[in-house]
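In order of appearance the chains are A, B, C, D, E and F, and numbering begins at 1 in each one.
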Amino acid sequence: MRHTVIPFGPQHPVLPEPIHLQLTIREERVIEARPALGFVHRGLERLVESRDIAQMVQVVERVCGICSMIHAHCFCMGVEALLGIEAPPRAQVLRVMWSELHRVQSHLLWLGLFADCLGFESLFMQFWRIRERILDLSEATAGNRVIVSVNVIGGVRRDPDDAQLAWMSAEIDRIEEDLRRLEPATLDDPTVRRRTVGKGVLSRAQAWELGAVGPTARASGIAEDIRLTKYAAYGRLYFEPVVETDGDSHARLRVRFREALASLDLVRRAIRLLPAGEVRLKLKEPPAPHGETVVRVEQPRGELVYYLKGSGEKRLDRVRIRTPTFANLPALLVMLPGVSLSDVPVVTLSIDPCISCTER
Amino acid sequence: MQEATRAITLESLLAEVARLKAEGWRFVTLTASELDAERLELLYHFDRELRLQHLRAAVAKTAEVPSISPVFFAAALVENEVQDLFGLRFTGLLLDFRGRLYLEEESPMPPFCRRGREAEAPRGGGGSEAPGGESCATR
Amino acid sequence: MDVRVCGILVVVLAPFAGAALCGILGRSPSGRRAVVLTTGGVVMLAALSLLGEVPFRLEIPAVLHAPLEIAFFAADAVLLAAFLYIGAKYRHAAILVLSFLQAAGLLVFKGFLARSAGPPGGVVCDALALLLVLIVSVVGSLICFQALPYMDNHERHYRVSPSRQPRFFAILLLFLGAMNGFVLFNDLGSLYVFFELTTLCSFLLIGHDRTHVAVKNALRALWMNSVGGLAFALGMIEAYRSAGTLDLAQALAAPRLEGDAIYFVALALFGLACLVKSAQFPFQGWLLGAMVAPTPVSALLHSSTMVKIGVYFLLRLAPGFPGTFLGQALALAGAFGFLAAAALAVGQSNGKKVLAYSTISNLGLMFACIGVNTGSALLAATLLLTFHAVLKAMLFLSVGAIEQHIESRDIEDMRGLYAAMPLTAMITLAGVVMMIFPPFGVLLGKWMAIEAAARHLPAVVMIALGSALTVLYWARWAGTLLSDPLGTRFHAERQPLLTWLALGSLCLGTAALSVAAPWLVEGGMASIGQPADETAYTVVRGGLESASGSFAVLPLSLAAACGLLLSALALRRASRARPVPPYLSGLQTGEAAVFRGPMQQPVRVAARNYYLDTLFGEERLNPWVNFGGAILLTLILGGVL
Amino acid sequence: MRALRRFIDRMRAKSPWLLHFDCGSCNGCDIEILACLTPLYDVERFGVVHQGNPLHADLLVASGTVNPRNRKVLENLYAQMPAPKVVVAVGACGLSGGVFRDAYNVVGGIDRVIPVDVYVPGCPPRPEAIIDGVVLGLQKIARGGEGR
Amino acid sequence: MFELAPVILRNLLRGPATRRYPLVTREPFPRARGEIENEISRCTLCGLCARRCPARCLEVEPQSGRWRWDPFVCVYCGVCVETCPAHSLRQKETGRRPATSRETVLLQGEPRRRGGGARPAPPPDAPARERP
Amino acid sequence: MTAGALFVIVALAAGLGIGVISAGFDRILTARLQSRVGPPLLQPVYDVVKLALKEPLIVNAWQAFCACTTLAAAILAWVLFFLQSDLLLVFFVQAVGAVFLVVGALAAASPYSHIGAHRELLQMLAYEPLLILVFIGMYLETGSFRLEALFAWPKPLLLRLPFLFLVLAFALIVKMRKSPFDLSSCHHAHQELVRGVLTDYSGPLLALAEVAHWFEVALILGLFTLFWPDGGVGRFLLPVAAWLGVIAVDNLTSRANWRWMLGCAWGLGLGLAIVNLVWIR
C-alpha cells in the first residue's frame, strides 16, 4: 500500500551511466528493483559487417572507455589465436603493463566514485588526483589518457624507451606511496564501514550461481581470476588473486583497493621483466582468419569473454562480447531488495557497473 | 575451438544444463549467431576452474527455446538479449523484457538477422501484442 | 431574575430541554434542525451574556435543596443502573464490577457518611468555569450545527433507515447540558452525576452506528471511564472524609493540615479520574476507539470538551498541588503522555487517529503544566486548553467534511486534496499552521509551557522531544494536502452552509483569539487556578512578557500577515509561470507524475509519506507506552500512600 | 539599464551549473568530464558545480551517441532546464556518432535531438578541451543573456 | 573518524594541486594523439587513409583533389597517420579546439589525372572551413 | 521609527553578510582541503543572482508560496535574534521556515522531493530537541530566555555548558547540510536524492531557499556567540571554531543514513545535553 515508486536513472547524479532502476520502496527500504537497459545500446557487434579486422580493434576499444585497452587486448588475442600467430614477447609484456595500468586507473576511478556515492567527497578528490598520474603515464607511453589504443593484431603500436620506463617505475613507487596514505580512510573509517559493512551481501554460493565474476565474485570468496590462465605474459609474473570472504560492499571495496596496489606492483615487475625486441609482427597481408574461438581476459570488473567467428574473409562473421558487468547484473538484482534507499548507490556501485560494456 | 564442444538439441538442453550445474560448472554466457536464412546457432558457454565447455545447438529462427533461467538465473539477461537481437522466442524466462531490453519501436527489428528477412514477423512476442507490465519481475 | 441566574439556568437547562424536544420533534428534519439551531443559539447567547459578570457565586435557594438532592441521587441511581444494565446486556465483567463498586460505595457514602452533608455547594462561575462554558456553548453549538448536514450525509451513505438522528441529537444536546453542569456546579456530589452523565453520552454516541466495532469500542470507553468514575467516587468520599464538606471551593480553601484538608489521597484519586477521562496512558485506548463515532462526536466529546474535563478539574484543584510529590508525578505523567502520544501519532496515517493522538498529546502537555504548577505553567495550561478546544474541533470537522467527500480518512488519500476541495484543504492547512506555528495560540501555550517547565528537567526533555515529533506529523499532513494540484485554480467547493459556518467561524475565531491572546491573559486567564496575587505575564506593546522571556504576539502577527501576503503574491505569480514536470530522472512523460519505466511502460510515481512504523508504530510502541503510563500511574497513586 | 544587463550577464557567466548526461557514451568522455571537477583541473574555479538536476542546471554537457531510447531522455532533460541554457556536446560520439555512427541503433550526435551550442571534438577530449568548451559556452551565456 | 585528517591537513598546507588551465598550459607529452594535419602538398590522394579509418571520417576524391576530414567524427586513433605511404599526414600533440558550429576540414590538393604523370607545384591552399 | 527601520536593515545586511561569507569561505576551505583552488569568495552571490534571474519553472505553484514563506521566516528569525528577543521564540520562528520548505517539497510529485522532505523532517526531529535543550541550559544558567539578558551575561557560558556547545555544533552540522548529516540535500548533487528537498525548487525559488539558508546558518552561528561574554574575542572565535569544526567533519566523514543520525542525535546528543543540564542544576 504505502509504496513509493522511484525512477532511479537513467539521468541521476550518482549513476555515471544511464541505467534505469524502477525502485519500489517502503520508507527507504527497497522492496523491488526492476531494471531497464538499452540507453547505451549501440549495436556495435554488428559493425563487424562494415569494418575489417584491423578497424574492429578501434571499435572494440570503444566498447568501454574505462577498460578499452583490455577489450582490444582480448580481441587481438582472439584474432591472433584464429590466425595461429602470437605477438612478440616484448609486446606481450607491454600488453600486460598497459592492462595493469588500466586496471589501476579503473580501480582508482571506482574508488573515487564509490567514496563519492558514500558522500565522502574529499576522499573522491584524493583518489582522482592520484588517478590523474596514472593517466599521465598512459599518455606519455601510449599517446592517450583514456582510450590508449595501443593494440594491433600481432602486437602493439607503441614501444616506450628505457628512459620512459625508468620514469614510470619511479612514478609507480610514488603513486603507491600516495595510495597507501589513503588506505586507513578508505578501509577503516568508521563512517565508511558503517555504510558498507553488511550492505549488499552476496554469499559464495549465490555469487557462483548468479555467475558473478571479477572482484564481485572474489569478494565473496571465489578465487577465480582469468589472469590465472596465464594469457599474455601473466604466466611469467607471479600473481595471486585478492580474495575476501565477507561478500559485502566493504569486502568488494577491500578487494579493489588491494587489487589496485597489486596491479601497481605488477606494472613495476612487468617493466623489470620487459625483454628486448620487436613489438609488432609484420603481417604480410590483411588478416583473414577462419574458424571460431572464445577468448577470455580479466578486466578490472572481471572476466571478459569474446567469441570470434571468421570465415576466411577480412571481415569477421560474428563478434560477441560478454562483459563482466553483464555477468554481475543478476547479482545486483538479487542484492538490491532489502537494502535501504541510501544504500542503493552503494550496492549498485559495488559491482562496479559499466553499462556501455553491458549493452555495447 | 580448442575447448570441449558438444552438440545438443533443444529437447535435451535443460537436462544438460542442469547436469552441468550439478557438476559445478558456472554459466558464462550464451552466444547466438546466424547460420543461414532459417537457422540460428546457440552456443552455451560454461566454466569450471578456468576451463571452458560449450554446448552447441542449431535452432530454427521460429523455434521456441526453453529458457535456462530457472536453472541459472544469470542466463535471464542474455536470453533477453538474444530475444531482442535475433527475435528468437524463449519460454519460461524468469525476467522477460519481451523484446524491449535494448530496443525501441523505432529500432530495426530484429537487428542481427540479416539473412532472410522473413524471420522478422514474430518479434519475441512483444511487437504486436501490448506487453503487460507485470511480466518483468525479478524472482 | 438577573443576568447571572438567567444565564446559568439557560446554559445548563436549555440543552436538557432541547434534548427532550429533539426526542419529540426530531422525527422531521426541519423540526430537528429548528430545535438544534435554537438550542445552540440560545445557549451560545446565554454563555456570552455571562462574559462581563465573572466571577460570581450563586447559592441555591434552600427550598430547592431537598428536591435537588433527591434529583441528583435519583440520577445517580439511574445512571449506575444503566451501566449495570449495559454490563449485563453485553456480559462485560469489568463494567459490571466497576459499576457495582460505585453503586456500593455511593450507598455506603449516602447512607452512613454523608447524612449531614449540608447544603449543596451552589454554582461557582469564575474565569475558568466561564471559559469552559464558553467553549462548550459556542464551539459545542457550532459542532452541533455542522452535525446537521453531516448526519444527513452520514445516514444517506450508510442507508440508515429509519433515521436515528433524533436520538443522536438528543444525546448531543444532553451532553452540552451535562458539560455545562459539570463546570458550573460546585458540589462534588453533583459533579459526580454530571461526570457519569458525560460517560454515558460518550458511550451512547460511540456506539451510535451499532456496528460491531462501534459497540466494542463503546464498551471499552465505558469500562475505562468507569474506572475514572470509581476513582471520582472514592475521591469524593475521601475528600468528604478529610475536609468534611462536599463543597469544592470550601474543601480547597480548608486549611491544609495533614489528614485535615482535601489532600493527597483524594487529590490522587481525582487525578486518576482526570487522567482516565482525558485518555492519558495507559488509558488511551478508549479515545482511539472512540474515533469510530461520527466525526462531530469526535470533535465535540473526544477533542474539544469532554476530554477537557480532566484538565478543567485539575486546574480547579491546582492550588492543592504546589510542592507536593503528586505535582511532580503529574508533571512527569503529563510530559510522558505528550511525548508518547506524539510518537504514536507519527506512526499513524489514519487522519482521525492522528488527531486523536494529537489530542492525547496536548492533554498530556496541559497535565504537565498543571503538575509544574507555577503561575505561568497554569496559564500555559489554560491557553492550551482554550486554543486546543477551538482548533481541534475545527480540524475534526474538516476531516469529517473531507471524509465524506473522498470516503477515506487516510492521510495518504488526502494527497492533492487541494485540487478536489480547495477551501477545506486551505482551512485544514490553516488549522495545521495554527497548531504548530507562532504567533498562534497553541504555540504560545507551548512556549509558556517550555519556559515554565524549564526547571523540571525530565519533563522539559520529554516536551522538547515531543515538540519535534509534533512538528513532524503535522508538517507531513500539511504537505500532503498540497501535493500535486498543478493547474487547478482556486475555487470554493460546494458544502452545506452550516459546514462553512462552523469551519469558517472556528478558523477565523482561532486566528482572532490568537492575536487577542495577550488581552485574554490580561483579562482574566492569568488568574485561573491561582490566587490572583501573582501575575506571571504583563502585556507590553502587544506582546506577553515575563521575567524570563517575551513573546511579541502582535508584532509577530503583523509580520506573519505580511509574510502571508507576500507568499500569496508569489503563489499568484507562480501560477502563471511555465509549468514543468517534476524531476523524474529524465523519464517524465506528458502526463504528470508518470514516467517511462522498464519495457517503456508508463509507471505512476507513487510518493508516499513516511510513517516510520518500525520506530513509531503502535505495535512497537504500545507495550512501552502502556508500561510507562502504568508506572507513572502507580507513582501517582502509590506516592501518596 | 545597460549596466544592469551587463552585470546580470556577468553573474550568469560566473555561475554555470552543470548537468551531465551520458547518452550512450563509452564512459571515456564521462570520466574526462568528471575529471574536470577534480583537483588537477577544478572547474569550480569558474563557479561550475556539478548538478544532477536539469531544473537547476545552466549547462548541459552531453556525451555519447543518441539512440532511440535515450533521445527521449535527452529531450526531457533539455526541456526541463530553465533558460538561459547552453548545450555542450563532448566527444566524437556526441558530435556525430563517431565510430559508431553507422551502427543500427545509433541516431547520431546530440544535435540531432537538441540544439548544440558548443562542440568539443576528441575521443575522448582531454579535460583541457572540455574546460575550453565550457568557457565557450559561458561566453555564449554572457553574450546572449536571453538564451533560447 | 579522523583517518583522512593527515591527508586533508597536508592538502591545506601544501596548497592546491590544480593546474590553472587557461592561464597555465602544460606542455603536451611527446607523441600524444591530437589533431590530424595533412600536408596537402605531399599528399598523393591515394585514399588509403580513408579506407583504413575506423571511424570513416576521411574522404578523398582523387578526381577533384579534395581531401576532407571531419574532426567531429574522427576518433584521433592515428591509424591514418601510421598507414600514410606519402607521410603527408601528421598528428599534432594538442587536441582540436572546441567550436560553436559544425566544421569540416577541406583541403584542396592536386587533382589526380588519369594515367598519372608529373605533378606540378602544389597550390598553397589554406585549410578551408565548410558549413553544412 | 526610523531608528528601528535602520536597525532592521543593518540586521538584514549583517545576516546576508554572514551567510555569504560563511558559504563562500566554506567552498574555498573545502576546496583547499581537497587540494583544489575553489571558487571565488563571492561565488554564493553569483549563484543566487543567477538563479534569481533564471526562467521561473514551476513544478507546483505552492512551492513559490512555500519558498517565500521559508525566506520570510528565516529573515524574521534572524531579525528577532538581532533585536534580542526571546530565544525560544526565535527558535519557533525559524522552525516555520524549515517546515515550509518541507511542505513545498511535499507538494511536488517527485519522489526525490518527497523523500528529501521526509528526511528533512527527520533532521528536524534530530536537531530541534537539541536546540531546545541548549536553550534550557542557557536558561538554567542565566535565569532568562531573553537574548538581551543572555548577551549581557558577564560570565562565559562555555565553561558551564561545554557539552551543550558540542550539541549546538551537532545541530550546526545538520543545519549547514554537511556530511555526515547531509541527508536531505547537499550542495554537491552527488547524492541518491539528487538534491533532496530542494530538487524541484528551481531558478528564483531556489534562490529564495538559498538565501533563507544563509540566514538560518547565520542564526545558528549567532547562537554560538552567546557562549562567551561581551567584549571577549571568544564571542567571535567560538562561532568560527564551530564552523571550522563542521567543515573539517564534513571532509572527514561519509554520509550517514537517517537511522544512524537519529540514533546519534537522540543518543549521544541528548545524552551530552542531559549530562550538562544535570551538572549545572
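Keep in mind that, in the parts below, contacts are C-beta pairs under 8 Å (C-beta built on N, C-alpha and C of every residue); 3 or more make two chains touch, one makes a residue touch a chain.
Quantities reported herein were computed from a predicted structural model and do not represent experimental measurements.
Shared contact partners of chain B and chain C are A, D. Summarising the inter-chain contacts, the pair of chains with the most C-beta pairs in contact is C-F. Relative to the centroid of every protein C-alpha atom shown, the closest chain centre, again from C-alpha atoms, is found for F.
In this assembly, C is the chain whose CA centroid lies farthest from the centroid of chain A. If you average the Cα atoms of chain A and of chain E, the two centres end up 29 Å apart. Rounded to whole angstrom, the centroid-to-centroid distance between chain A and chain B, based on C-alpha atoms, equals 25 Å.
Distance from the chain C centre to the chain E centre is 81 Å, each centre being the mean of its Cα atoms. Per-chain Cα centroids separate chain A from chain F by 43 Å. For chain C, the set of residues touching two or more other chains reads 580-581, 583-584, 586-587, 597-599, 603, 605-610. In chain B, the residues touching two or more other chains are 100, 102-104, 111, 136.
Among all residues of chain A, those that touch two or more other chains are 4-7, 10-14, 28, 34, 38, 41, 43, 46, 58-59, 62, 122-126, 129, 147, 189, 191.
Two chains count as a pair here when they touch; such pairs are A-B, A-C, A-D, A-E, A-F, B-C, B-D, C-D, C-F, D-E, D-F, E-F.
In the complex of the two chains, the chain D residues touching chain A come out as 19, 21-32, 34-35, 38-40, 50-54, 64-65, 67, 69-70, 73, 77, 98-100, 102-106, 123-124, 126. Of all the residues in chain E, the ones that touch chain A in their complex are 1, 3-4, 6-8, 17, 29-33, 52-55, 75-79, 82. Listed in rising order, the residues of chain C touching chain D in the complex are 580-581, 583, 586-588, 596.
On chain D, the positions that touch chain B within their shared complex are 67-69, 104-105.
Residues 30, 33-36, 111-112, 114-115, 179-180, 182-183, 186, 188-192, 194, 251-258, 260 of chain F are the ones that touch chain A when the two sit in their complex.
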